[in-house]
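By written order: A, B, C and D. Residues from 1 in each chain.
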Amino acid sequence: MSGNHGDILAYVPLLVLIGVSTAIALAMVVGSFLLGPKKPTAYKATAYECGMTPIGSARERFPVKFYLIAMLFIVFDIETIFLYPWAVTYRAQGYDLKIFYFAEMLVFVAILFVGYFYILGRRALDWDESERAVARDPISPEILAPRPPIRFGNEKSGPVRRLPEPAHVPAYGAVSQEERIAALTSRRE
Amino acid sequence: MLILFWILALTCVGASIAMVVTQNPVRSALYLVITFLCVAVFYVMLSAQFLAAVQIIVYAGAIMVLFLFVIMLLNLGAPQALRERGTLQPFFAAVLGTAFVVMLLLSNSLVALSKVRPAAPPEVYVPLGTVEGIGKNLFDPKQPWILPFEITSILLLVAIVGAVIMAKRRIQDHTP
Amino acid sequence: MITTEHYLVLSAILFTVGTIGVLVKRNPIVIFMCIELMLNAANLTLVALGRHFGQVNGQMYVIFALAVAAAEVSVGLGIIVAIFRTKETINIDEVNLMKF
Amino acid sequence: MNYAANLMSIMPVLIVLATGMIVLLGDACSAQWRARRWYTWGFSLFGVLMALVQAGNQLQTQMATTFSETAFAGSIVTDSFTLTCYVILLITALLAILLAMTYLENRNLNLGEYYALVLFSTAGGMLMACSNDLIVLFVSVEILSVALYVLSGFARTEEKSEEAALKYFLLGAFASGFLLYGIALVYGGSATANHAGTTNLADLNLYLINDGRPSVLLMCGIALLFVGLAFKAALVPFHMWTPDVYEGAPTSVTAYMAAGAKIGAFAALMRVCSALAPIGEYWLPAVQTLAVLTMFGGNILAVVQDNVKRMLAYSSIAHAGYLLVAVSAASVRNEQAHNAAMGAMAFYLMAYAVMTMGAFGVLIYLSRKGRDLQTIEDLRGLARTDTFAAYAMLVFMLSLGGIPPTMGFMGKWFIFSATLQAGQVWLAIVMALASIISIYYYLKIVWMMCFQEPERPEVVEHAVASGGVRATIVLSLATMLVFGILPGALGILLNAAETTVFRP
C-alpha cells in the first residue's frame, strides 16, 4: 500500500488531536507536580471522603438489576449500529427503494419492539423489585423497631441527652400494628 | 505504515497473551480492551472505518464494561472465588503443539493468497468501508444481506428474553 | 508493504491464543473473554479478506458476527449471574466443565 | 424481484416466528395466570400446527413440480430437503409443547417464555435447514443455540440446571468461534484467479466442480467448520457437554434439545457436505473417522451409565454417529447413492425425533412431584406397577436399539443400504457392529422393567399423568409402529433429495 495512503491520511488530524490532548493532560499533571508548593501536614495526608474514614474495598457490589439493564442496553446498542448506516443512506435512494428500505427497517424495529414490550410487561426495567411487597406492608417492623442511640463520637465531651423511655412499649405482635405505631410515635415526642 | 503495523501487532498479541497468562480477571479484562482497541486500529488500516467505530462502541465500550461489572459483582461476594488455581491442564502441552502446527500450516498456505488472486486496488475497496458504503450494500435488495439482517433481530429478541429470564430475580409466578 | 497475509497470520495467532486460553483457564468469565478474542480474530480475517477481494462481504459478516457476539454476551453473563446467585461461586472446578 | 414469492418460500418459518412473538407479548402483558396458561400452550400448539400444514402443502407442491428455488438473493434455498426438515422439526416442536405444560407446572416453571423460546429455536433450526449461505447458517445456528442455552437453565433456582446452562453456553460459544473462523477461511480459500471467494453454498459447489483441487486454506476452513458443527451435533471428541447438559436441564427441555438441536445440526451438516461433495475425497476420511468414533464412543459410554437421562444422552450421541454415516454416504459422487442417503437420513431423523420424544415423554410421565426420575433402578418392575408406561418404554427402547418391526429398524436399514450403495461397505459393517453393542443397554432397561420385581408392588400415583404427556407417548408409539411396518407410507421422506440444488 506504500503508493497510496489516500484513506489513511484522512486520519492524520485525528492522530494529531489524540496526541495533543494526551500531551496537554500529561503536561497538567506533570506541571502541577513540578511547580506546585508541597507542604504536607498530618491532616492533609489523611484520606478525605465526606468526613468519613474510608473503610473497606473501593469495589462496590451492585444489585443485579443494574446488570440486567446493562445487558439489555447492549442488545439495543446493536440495533443502533444497524440504524445508523440505514439513516445515512435512506435519503439518497429512489422512491421504490425508499419504500423497500423503510419496510425492511420497520420489520427489524418491530421485532425489537416486541422485545421492548416484553421487557415492560415483565417489569424488567423497574428499579424496585419489591414494590408490591412494600405496598402490602407499608410500615415494616424493621423501620419501627427501637434503635440504639446514634453515636457521634463526642460522647465523652459532655452528658448525652437521652430520650425518655416511654412507660410501655408493647412487644411486636402483642397488639395491633396501629397501637404499636401510636405508642412509638408518642415516644418520639 | 509497516512500522505502525508491527508495533500494533506486537501490542495486540502481547496483550492477548497477557490476558491469558495473568491470574487476575480484572487485569485480563483490561488487556482484552487493549486487544480490542488494536483490532479497531487494524480496521482503520484496512479502510473499514465504520467497523472500527462499531468495534470501539460495542466491544471496547459496552461489552467490556459489562464484563468488568460482572467481575466486580462476583469479586466482592466471594473474594476467593475468582482466584485462578494456576494448574495447567494435562493436555495443555498437546494442544499448544497442535495449535502451532495448525498455525504454521495456515501461514504457509496463506502466503499463496496474493499469488492466487491479486489484491483489489484501493479505489475498489476504499468506498466500501464508509457508513454510506455499508448502508448501500447492507440494505440492497439485490444482495443477500436482507435475510441475515432480519433474523439478527430475532436473535436479539431471543437474547432479550434470555437476559430477563436469567438475570431477573423474580418473574411473576404463574401457579396459584 | 503490508499484505493481506500479514493480517491473516496475525489473526491466526490471535485465534490460537484465544483457543489456548479457553482450554487452560478455569474462570468462566475469563474463558468467555477468550472466546470473544477468538471471534475478534475471525472478524479481522474476514475484513482483511474482504479488502483483498474488493468485496463488501467481509465487513457484512463482521457486522452480523458482532450482533451474534452481543447476543451471546447478554445471555452468557446472565447465566453467570444466575449461577452465582444460586451457588455463591463460579469457579469452574466446582462447575466441572470437562467431566466425561 | 418479487418480494411476496420470497416471503412465501419461508412461510412456515414466518408462521412459527410470528406465533412465538405473539405468545411472548400476550404472556408478558396479561395478568390472569389461569387464562395465560391455556393461551400460551394452546396458541403455540396452534401456530406449530398451522406451520406444519403450510410446510406439508409446500412439500407436496414441491414434489409435484420438482423445482427448487433460491430466495432472498440466493441466501436461502427451498427444496424438498429443506421442506422435509421443516416437517420433522415442526413435529418435534409439536411433541415438545404437548409434553411441557403439566411437567413445567409440577416443577413450578410454567412461564410463557418457555413456549416462545421453543418456537424461536425451532425457527432457528428451520433456517439452518434452508440456509444457502454460510452467514445465514451462522446466525441461525446462534438463534437455535442461544434459545437452548436459556432453556437448559430454565429451572433458575436449581444448581444443576444452571450448571448445565453454563456448560452448554461456554462450549457452544467456543464452537461458534470455530464456526466463524471456519467461515472466514472458506471465504478466503475458495478464491481462484477467476473468481473471488464466496460463502454461498451453491456457488461454492459450482466452483469446486470446476476447479477440482481445493487450496490448503479451504481445507483448514472446512476442518474448522466441521469442528464447529460437530460441537453442535455432539459428535464424539466434541461431545463432553452432552451428558451433563441433558442430565441437568429440565426433562422436557432435554427431550426437545435431543431431537430439535440434532435435526438442525444435521440438516446444516448435510447441506455443507453436499455442497462440498465434489472434493469429497479430501475430507470424507475425516467424517468417516468421526462417525466411527461417535458410534463406538456413544455406545460404549452408554453401557456404563446408571442414570437414565445420561444413558439416553450417550445413546443420542451414538445415533448422531449413525446419522453421520448417512452424511458420509451422501457425499460420494454418485447421484443415486446421494439421493438414497439423503432420503435415509431424513427418514432416520424423523424416527429418531419421534422415539427420543417418546422415551423422554415416558420419563416425564414417571416423574414424581418435584423430582425427576433418576436411575435405572427407579424403573424396576415397572411392568407391574404401570403397564402403559412400561410397554410404551419397551417399544421405544426396541426402536432405539433398531429391532424390527419399529421405525428405528427401518431407518437403520435405509442408512445401511444407502451406505452399501455408496460403496462404503466397511462403514456399513462398523455401523452394524456398533448397533449390536447398543442393544445391550436398551435391553438392560427392558429387563429391569419387565423381569424384575418392583420394590413396592402397589401402583404409584404419578404426578404428570396428564393428557398432553399421554398424547405425546401414544402419538409417538403409533408413528413408531405404523411406519415401522409400512415405511413406504413415508415415501415422501425417502424422496427428500428429489429437488436439491447441489450436484455431487
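List of remarks:
In this section, a residue touches a chain if its C-beta (ideal position, glycine included) is under 8 Å from a C-beta of that chain, and two chains touch if they have at least 3 such contacts.
Predicted model, so just to flag it, every value in this text is computed and none were measured.
When every chain is represented by the mean of its C-alpha atoms, the one lying closest to the mean of all protein C-alpha atoms is C. Contact tally for A-C versus C-D: the pair with more C-beta pairs in contact is C-D.
Remark: chain A and chain B have CA centroids separated by 27 Å (rounded to whole angstrom). For the pair chain B and chain C, the distance between C-alpha centroids works out to 5 Å.
Residue positions 1-2, 64, 67-68, 71-72, 74-75, 77-78, 81-82, 100, 111, 114, 118, 122 of chain A each touch two or more of the other chains.
Among all residues of chain D, those that touch two or more other chains are 3, 21, 24, 135, 139, 142, 146, 149-150, 153, 156, 165, 188, 191, 196.
Each of the following residues of chain B touches two or more other chains: 1, 45, 47, 50, 54, 58, 62-63, 66, 70, 73, 77, 102, 106, 110, 113, 117, 129, 134, 138, 141, 145-146, 148-149, 152, 154-167, 169, 171-172.
Chain A contributes residues 100, 111, 114, 117-118, 120-122 to its touches with chain D in the complex. On the side of chain B, the complex with chain D involves touching residues 102, 105-106, 108-110, 112-113, 116-117, 141-148, 151-152, 154-155, 157-159, 161-162, 164-166, 171-176.
Residues of chain D touching chain C in their complex: 135, 138-139, 142, 146, 149-150, 153, 156-159, 162-163, 165-167, 169-171, 173-174, 176-178, 180-181, 183-185, 187-188, 191, 196-197, 199, 240, 244, 301.
Those residues of chain A that touch chain C in the complex are listed here as 1-2, 64, 67-68, 71-72, 74-75, 77-78, 81-82. Residues 3, 21, 24-25, 27-29 of chain D are the ones touching chain A in the complex.
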